[in-house]
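Both complexes below contain chain A, partnered by chain B and then by chain C.
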Partner chain A sequence: MSEHDTKSEKEPNSPERRRFIGAATAAAGLAIAPGVMLYEVAHGRPEEQAASSAVRWGMLVDATQCATGCDDCVSACSTENGWTPVAESRHPKQAPQWIRKLELQDPLTQMETNLPMMCQHCADAPCVDVCPTGASFKRADGIVLVNRHTCIGCRYCMMACPYKARSLVHESLNDTQLADVPRGMGCVEACTLCVQKIDRGDGNTACAEACTAAGHNALLFGDMNDPESEISKRLRELPTKQVRADLNLNLGVRYHGI
Partner chain B sequence: MASITFREVEGSSLKYWMLFGVLGLFVLFGALAWNHMHHYGHVVTGMDNQIVWGLPHVFAVFLIVAASGALNVASIASVFNKPMYKPLAPLSAILALALMLGGLLVLVLDLGRSDRLIVAMTHFNFKSMFTWNVFLYSGFFGLVGAYLWTMLDRNVKPYSKTAGTAAFIWRLILTTGTGSLFGFLIARELYGTAMLAPMFIIMSFAYGLAIYLMVLAAAYSWTGRTLGDAVMMRLKSLLAVFVAAVLYFVVVHHMTNLYFTKYHAVEAFILRDGGIFTTLFWVGQILIGCVAPLVILLSSLGKQRTWIMIACVLIVLGGIAQMYVTIIGAQAFPLDMFPGLKETSSFFDGEVHSYAPSVPEFFLGLGGVAIALLVTTFAVKLLRLLPASLDDATVAKLEH
Partner chain C sequence: MTGKLKRLLALGAVVLTTATLAWAGSDTQPKASGAPKPVITKSVKAEQCVEDTAYMRRNHMKVLDGHRDKTVIEGIRTKKHSLKECINCHASEKTGSVAAAKDDFCVSCHSYAAVKIDCFECHSTKPKGSMAMHPLNAETAHLKHALAVNADVKVSAEEMAKVAQ
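Up next, the complex of A and B:
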């Protein structure tokens, strides 16, 4: 994989970024009434307020801290989002997996690396491009989602995703789904960056919380557009890569130590 | 130019209704298969989160590709002004419509939410090749339908050439769209090439004509009408050219990939180590689908009608093998997210994915074939699509 990541290097000075800073400065002057200030988006937002492109949610995965054999992030995701863990499924090949632990080994050096793999929340997502009905979409704050009402289950997005991040719900869920995580047989689904938690204002994902709780600190979630956020600071310091950077998809998930 | 008499097939014999019944039975099986898949979900199929498009897509894409190819005979008549092909044109158009219908039905009934078809027709994302195809398929029905009308109704006959040309151009764009369903995918190594669009077009020529020839011969043989050698020999030579062109495209595609080191692994998988996929490629696609038909059609065997029919069957079987390798083989090879590294996970990363089609998938696919043939069988009874005779003398008069 290429060490160079032109898009992420350019990002801080992109026109979009400049426009945001301009808009945010203008908005800050007017921000007297509570609840309308742009940065408040990061602290949960009222239902009627749309997601803002001022924010770009993202994740930093530090593979050097990711422990072999630990799958706390996977269990936490399954619990938070209500999908059955693959070990408990009667149909493991057909069972949805929103996040999985990937073990890598260099055949030459025998060097082993562990990392979680999930939807990379591409800025230019192939799944969004190919979806015939527009059910696959990218929210203004960078989260790639599937609209449960317009997904027709064609699986073209699964064919298009370079990360094998998406799953089709192959069988009836028997009402195992959770109230704030709509799912459905015949629809495609994937990691939502715990969108329900973000919209509640939790400011973190279940996987990152679990990783921190386990003391590994391999996952850091935050707003990549906010230069003062913890994730932005870490991304400035640590050398990171995007998986299949050659595809130039501008990913929301960045990896250190791969 | 001598005129030719078109006549409906009487369609009152026991043989006709037997054929109708058998095809109807397979349509019923297809409907039951869909109902089963729709009720229980895709868990009852061999498809999973690794092989997301399975046997129904093989049948659907094959039928859609063959549909546009079946229109070729009509195109040669009207667009390229070959009078000999004019009496063959109505069957060509109806077969194109019927095959398209069969293919599309299989495609939409394999959706995870086939009950949401209306959503696909009301919500569009114009960056999606699938959306383009929705319009290309609808347009195909409209244009070929209009073209058929100009062939059957004397009042609108003057518009036949215009309608035929429009349908011909449309069908080329349509097959470009079908090939580009795969060509526009960046994730899979065997896709993501402009090569797939022209390759699908030439494949459509071969598959469509092979099916056309079988239907034509069957229709004339079963109704006791005369089908002269002049027609058969002309069409079989054309078929040989198409099959040779398919072989050429397949060779160029793989040779290009073999030159690029990054494609060596996936090429080794298809050409050497892929088990069933390798067998289907060499024995199915190349030997049965290309080499054997070429030998038959270009040798003295090709002068005998039985052998021409055998060649057509082989081309169709080879075409299905080709679709299987193209659609399922490409998915069976694992995605290479970390080039040079060995990947393992609970999600079967880094492994070659296996696929065993289930009975419902098979019958859903066959249901599409049966619908196409049933529509054709019924149409030749209902409409004057087939010339009363295609004996050599009648055909010879057309050319003078």
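Up next, the complex of A and C:
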């Protein structure tokens, strides 16, 4: 951990700098656009307003910054959304996993790559295609969700997902759910891009916040439809990849350095 | 001959049934004393529910049903008809929940009417923040689950303290 801390001091993208850039971006957005749309997007929408397709939430994962042995994003997700971490589960193989850390090694060069893997929030999501009840759906702002009111737990979506991003809740949760994140036995679940935080207007996910707090800055969350957002700017500058780009799913999560 | 007898028998049956029904419907029938009447505790947080009380008693499920789809599918999170706000107002002061004890707001009526509540298969029965009151519980809702269900999984004191920080 101390190694990471010293690294963060040298980082040009410190949280302060990022916050400054964020503020500057929001201000610039206001000046550029004739409407107040960008301002509203930056600060969340009113609660009575439906999610809009003018926004597409997405995430940029910088695998070159993702640290070996660090799983702050995973524990932050588990804390924010109330799922039991795999290590603490009685049945680790069945334990829900909204986000997981992967450590990959190139067999030829031995090069190691770290990255978090979660729901990629595809624009053309296979899980949505196969769902027999319409419970698996894409919200207007690009977040792929499970409507637990209609999910029957058939797990077709789990089989259809190329990223193994979804889990089924196998056991009763005995009222340990968080008030903001309903989840329960017999329903499939996955990363929601912290939809409760987005709707509240936080404008960031728990994993990205934790990554920034740890000083790695490997996760950047934002609106990919807004050309002035930080994520759009970075996506323009950096070479990024979609995992299994051959499937042509137009992912909401993009990786740099893989 | 047999036809007449049959008609007489049928008439007799009708008369008997009517008499029985009338007797069952009368007030002389002793009332079933088994089912305890629901306890409806008035919320201390507000004077009036978001809708008329009589309307809510009959139609709360419709109200919640309409709101849930708007919330989940469209992301509209208005407070007025949200289940979370029901829980915020109606959670019992004793248990901090709407469905933990048999006298709690939701359970009390639902058990009287013998209607199963599915809401709390997924939704928390407690208001947000009730867990967070205690510093040890601040960020450890999932650990509480591990402690309660998995007696063989140990969560050390340091671990709890670390998460609480």
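Quick note on the criterion: the second predicted complex is superposed on the first by the 216 of 258 C-alpha atoms of A that agree within 3 Å, B and C clash if a C-alpha of one lies under 4 Å from a C-alpha of the other, contacts with A are read in each partner's own complex, and residues count from 1 in each chain.
Rule of thumb we're sticking to: contacts are C-beta pairs under 8 Å (C-beta built on N, C-alpha and C of every residue); 3 or more make two chains touch, one makes a residue touch a chain.
These figures come from a predicted structure and were not determined experimentally.
Within the superposed three-chain model, A:180 lies in touch with chain C and out of touch with chain B [touch as defined at top].
When both complexes are overlaid on chain A, the residue A:171 reaches chain B and chain C alike. In the superposition on chain A, contact is made by A:51 with chain C only, not with chain B. Common to the chain B-facing and chain C-facing surfaces of chain A are residues 171-172, 185-187. Contact residues on chain A toward chain C in their complex (touch as defined above): 47-51, 78-79, 82-85, 88-90, 137, 139-141, 145, 147-149, 171-180, 182-187, 195, 199.
By the touch criterion stated above, chain B contacts chain A in their complex at residues 40-43, 47-50, 52-53, 111-114, 116-117, 119-120, 123-125, 127-131, 134, 181, 184-188, 331, 335, 337-349. Of all residues in chain A, only 1, 86-87, 91-97, 100-107, 113, 117, 126, 128-135, 150-156, 158-164, 166-172, 185-188, 243-244, 247, 258 touch chain B in the complex they form.
Those residues of chain C whose C-beta lies close enough to touch chain A in the complex are 68-70, 72-79, 84, 87, 97, 99-100, 120-129, 131, 139, 141-146, 148-150, 152-153, 155, 163.
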